[in-house]
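Look for chain A in each of the two complexes below; its partner is chain B in the first and chain C in the second.
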Partner chain A sequence: MKFRCERDALVDQLTASSRAVSNRGGALPVLTGVFLSVDDDVLTIIGSDLDLTVRSSLRVTVIDPGKAVVPARLIVDIVRSLDSGAVEISIQGDEAKISGGRSNFALRTLPVDDFPILPQPSGNKVTVTSEALSYGLRQVVMAASSDDARPILTGVLLSAEEGGLRLVATDSYRLAVRDLPDATVLNEGQKVLVPSRALNELIRVLGDADEVVVRLGDRDVTFDVVTDIGSVQVTTRLIEGEFPNYRQLIPSSYPNQVVVAREPLLEAVRRVKLMAREATPLRITQKLNTLELMAITQDVGQAHEEVDAIYDGEELTVAFNAEYLIQGLEAATGDEVVLETLDALKPAVLRSNSGGDFLYLLMPVRVS
Partner chain B sequence: MRLVIARCTVNYSGRLDAHLPEAIRLIMVKADGCVAIHADGGAYKPLNWMNAPNRLNEEEDGALWTVTNEKGEKLIITIHEVISESSAEMGTDPGLQKDGVEAHLQELLAANPDLIADGTVLVRREYPTDIGPVDLLCRDASGSAIAVELKRRGEIDGVEQLTRYLEFLNRDGNLRPVTGVFAAQEIKPQARVLAQDRGIRCLLLDYDEMRGIESNELKLF
Partner chain C sequence: MFNDSELSFATGEAEEALPILHVDMDAFYVEVERRRNPSLVGKPLVVGGTSVRGVVASASYEARLKGVRSAMSSVQAKRLCPEAIFVSSDFSTYVEASKEIHEVFFSITPFVETISLDEAFLDVRHALRLFGSSESIAWRIKNDVWETVGLDCSVGVANSKLLAKLASVAAKPQITESGVSAGLGVKIVREADERSFLHAHPVRSLWGVGAATFAKLESLGVSSIGDLAQVPVSSLVSVLGVAHGKHLAMLSKGDDSRSVEIKRPTKSISHERTFEVDIHRYEVLKSEIISLSDAVAARLRSKGLVGKTISLKLRLSDFSLVSRSISIKEGTDLSGQISAKVLGLMAKVDFSDGVRLIGIRITGLGTKGPEQLGLDYESFDQTESNQLALSVTEQKKLAIAVDKIRARFGQSAINPGASGKNFREPGQQRWA
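For the complex of A and B:
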């Protein structure tokens, strides 16, 4: 196998595929590598940990077709370290030679026959506008859990909702919901749970792409994205299980509603958070037309700031995890947000004052 | 174990010479002969010590201790005033249990087999097989045997281990058919897939909940 291509494009595609590569390989050491195959002027790069598979492709000058598996992390580091310009990769026996400019590398390959045959994507193709999906995913993915102890919460729920698509994610401390009214991906009543890790990779590859083609299989989902330099296909196994019934947590009305400018509140929370150390919560006191923010860390110090708001309810203090509040404010849209609370121990809702399709449910932190 | 709190001076003579001026210190003489001199601070490291084997000679009515090891190194303790002295028989130490949580999880699940499935009863902890004991053997409500392998972190290795136990247990006509339950505080996705592929049920364990500890954290679910 031998081919030549531009270093910058190769780095992008190698990086995309290598993100799916398992760090340790587990039972299959060959999975610490990326599978390269060249044929018909196209280089295909596959990285997989069997749960997530990323296939990227790139037009190259093929000198000799063939296939090989090379250590993923090493080849990414090597190609990235080369100067911009042409890179040539050739495989001779069990050695891969990489050259660019005046640099030459040789590295041992992994046994190509050990690389598992990965199933081809299945399901009907549905084309979705990339920009809306990418933005919607960014608004909710951050709320998904990273704790494997509760695998269902590590996924994002995709459900058909009134002719559109609803995205929901929660780590049990907050919950983000985003409706995409114009995205018809699922059949009526259908819902699937997609690992947030795969969706984070999808967000990366969506970039400036116009469209994404979605194929939903029985046990997996595939996203195909065509980029400026080639194409990337992300396939992930779906998470099996029942997502928690989140609808019951969202009260139809709240007694306390504060309307506040989003950006000034976000900046104030970021400042006050500097004193919310070691899991110390940030306290918000709702007063007449004012939000008072306060953080006190024992033996370190305290921060206090007031933000103008529209509020005429009873004085109420609610404490939140500052980082979760920041992520909710960043994900919300519009100039103003509404913070709705019941009491200091019940979940609060953050949403845009101009309506919109985003809702963020945030659990308070108990304080003495 | 002999413990002496005394105002003392200590001199060490060996690879290098060291001197501890007069002060109140704790002198520990362990059953195996180790002698350690501690100040009233620091977690574990003594100011000076002499490992076993050694010889302890007490002279001048206990006011002068000389500890000599096989290399001829000497620890000389001059005791000016004994503040307290006591001895106790401590017996053999059971050693450090590296993974007390896993053992405790087994104990807790054995005490509450309903967590595996309603109506489940425990047959035996550490049920022996030819290749080692499986953590728990139970019977479900219908009387069918269940083998349970417990881990803190459920990885592929644990599923493989349970698969081997099941193979042996299913050779026993009195137990057959034996189904498997892979129980852990955390189960890796690949282990979960492998377990499902082999018909083994995965069971997530909440250690705090099993211990009856209620979290102070407020959660949505």
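For the complex of A and C:
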């Protein structure tokens, strides 16, 4: 195997595929590597941990077709370290030679025959505008849990709702819901649970593409993205199990509604958060036409700021995890947001004042 | 605050203050059992050790006369004293009795340092004007404890904790060849007698002199504290190291400036269990882990604490000790979270030869801070139905309910179904 290509494009595709590679490799040491194959004029790079597989491809100048498995971390670091320009990679015996400019590397390959045969994508192709999907995913994916002890919460629920697509994620402390009214990906009544890790990788590659092709199989889902330099295919296993019944948590009405400009509130929260150290929450007091933000960390100090708002309900103080609040404010769209509260121990709702497509439910922090 | 000279003036006595009292109950568990069942009075009685692998928690003076000691295996105790009556320990009753005794202490002074259920230091320097000399306070405590609780105690009175503790031992009933003789009840160590009193004691009665240190001291020809006081500090330092050597040199001169600490912050909470036969089956160990985790978590909650480091201790059939621990980012007081971590630790241990003892300990304790509340899902992931799969929110609700039920109906009223065990009472087989 021998081929030549541009360093910049190779870095992008190698990085995309290597992100699916697990550091440990688990039972299969060969999975610490990326699978490279060249034929005709295309290089295909596959990284996988068996749950998540990323196949990227790139047009290259092929000198000899062939295939090899190369340690993922090393080859990414090596290619990235090279100057822009031509890179040549060749396999000789069990060694991969990488050269660019006046630099030459040789590294041991992994046994190519050990690389598992990965399932091929299945299901009907549905084409979706990538911008809408990308934006919607970014609005909810941060609310998914990173705790593997509760696998269901590490996923994002995709469900067909009234002809559109609904995205839902929760880590049990907050819940983010986004409706994409025009996206038809699933059949009516269908719902799937996609690992948030795979969706984070998808978000990375969606940025450069206009469209994404979605194929939903029985046990996995595949996203195909064509970019300027080649293509990336993300295949992930679906999470099995029942997503919690989130609908009953969203109250139909709230007694206390505050309307507040989003950016100024976000900036104020970021400032006050500086004094919300460790587990200390940020307290929000709703007063007549004012939101009062406060953070006090014992033995460190305190911060206080007032933000103009539209409010004429009773005075109420609710404490929140500042980071969760920031993520909700970042995800909400529009110039103004509505913060709705019930009391200091009940979930609060944050939504855009202009449209109803995004909703963020956040549990308070109990302060004694 | 008074200093000593003001205090003498204030009390109008030239007498020295001797502010430290050490109160130690006489055969505490035994006497509590006899108070409940008077037919046991006068008979050799052993508390604890009713199971095959058990150890003696406390022995009556009649049994001690035959050589039975606490922490001795019940097998050995039975061999030494076949006629002894064994009763299993009942910690909740001992805790209750201990509370009553502490009420007596607190009626004298708030400066009480609890060492264990049956032992405490009191600093009475601020009580002298109210109650008279520390000697009279000591007798008052002894009488009040007898009258309100019906139990005997011995009181040591001195200028330091070290001397007060040795004095209470000297005040205890004595076991002689002819039998048990009543003790002094109260022993006063006046300043003038400190040296002679202290130096007559064997060096092993000092804190910090265990078997290893004793062997080293013996090599220096030291057997009594008096001998120790004769050894130059430099020699002690060369044998025992700087810190330990200097510390012992100071103690040997009666130099002990530790004050009575009103509250000792809890540093760890632990529970353990010794099995009657070695356990090989994972299921049995798992249910014990759930039971021990439940006990540890309940104690954490009762103290309003959360812990960050969870440790598993196993003594295997060959007596080798295995310890594993894991730290979590946010402190917990939930049994489900503790048992999940312990089961994770357990998975990495080879216990195929059998387990003799299993213990769980939690450290890295802190007070419960602000609590991030969780969303309340009605039904959640019904495919996982065991306790470990409960969400944190559900576990918190469960803990609140369990605590309420136990507060109302007693500790054994509700237990984890997976444990198949009774709740461990506070004080029961802890490991430090």
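In the analysis below, the second predicted complex is superposed on the first by the 367 of 368 C-alpha atoms of A that agree within 3 Å, B and C clash if a C-alpha of one lies under 4 Å from a C-alpha of the other, contacts with A are read in each partner's own complex, and residues count from 1 in each chain.
Just so we're on the same page, a contact is a pair of C-beta atoms (placed from the backbone, for glycine too) under 8 Å apart; a residue touches a chain by one contact, two chains touch by 3 or more.
Since we're looking at a predicted model, the values are computed, not measured.
Colleague: Do chain B and chain C fit side by side on chain A after the overlay, or clash?
Modeller: In the superposition, chain B runs into chain C.
Colleague: Have a look at where A:Leu249 lands relative to chain B and chain C in the superposition and call it first, second, both or neither.
Modeller: both
Colleague: Would you sort A:Val367 into first (chain B), second (chain C), both or neither based on which partner it touches?
Modeller: A:Val367 contacts chain C only, not chain B.
Colleague: Check the residue A:Asn321 against both partner chains and state whether it touches chain B (first), chain C (second), both, or neither.
Modeller: second
Colleague: Is A:Gln120 touching the first partner chain B, the second partner chain C, both, or neither of them?
Modeller: neither
Colleague: Can A:Ala279 be said to touch chain B (first), chain C (second), both, or neither?
Modeller: second
Colleague: Using the touch definition from the top, say if A:Asp148 reaches chain B (first), chain C (second), both or neither.
Modeller: After superposition on chain A, A:Asp148 lies in contact with chain B alone.
Colleague: When the two structures are overlaid on chain A, which partner does A:Gly241 contact: first (chain B), second (chain C), both, or neither?
Modeller: second
Colleague: Is there a shared patch on chain A that both chain B and chain C touch, and which residues make it up?
Modeller: 149-150, 170, 172-175, 244, 246, 249, 345, 347, 361, 363-366
Colleague: Hey, which residues of chain B end up touching chain A in the complex?
Modeller: My answer: residues 156, 185-190, 192-193, 204, 216-221.
Colleague: Give the list of chain C residues in touch with chain A in this complex.
Modeller: Residues 330, 340, 369-383, 391-393.
Colleague: In the complex, go through chain A and note every residue touching chain C.
Modeller: 149-150, 152, 170, 172-175, 241-242, 244-246, 248-249, 278-281, 319, 321, 345, 347, 361, 363-368
Colleague: Which residues of chain A touch chain B once you look at their complex with the stated criterion?
Modeller: Counting only chain A, the residues touching chain B are 26-27, 49-51, 147-151, 153, 170, 172-175, 237, 244, 246, 249, 345, 347, 361, 363-366.
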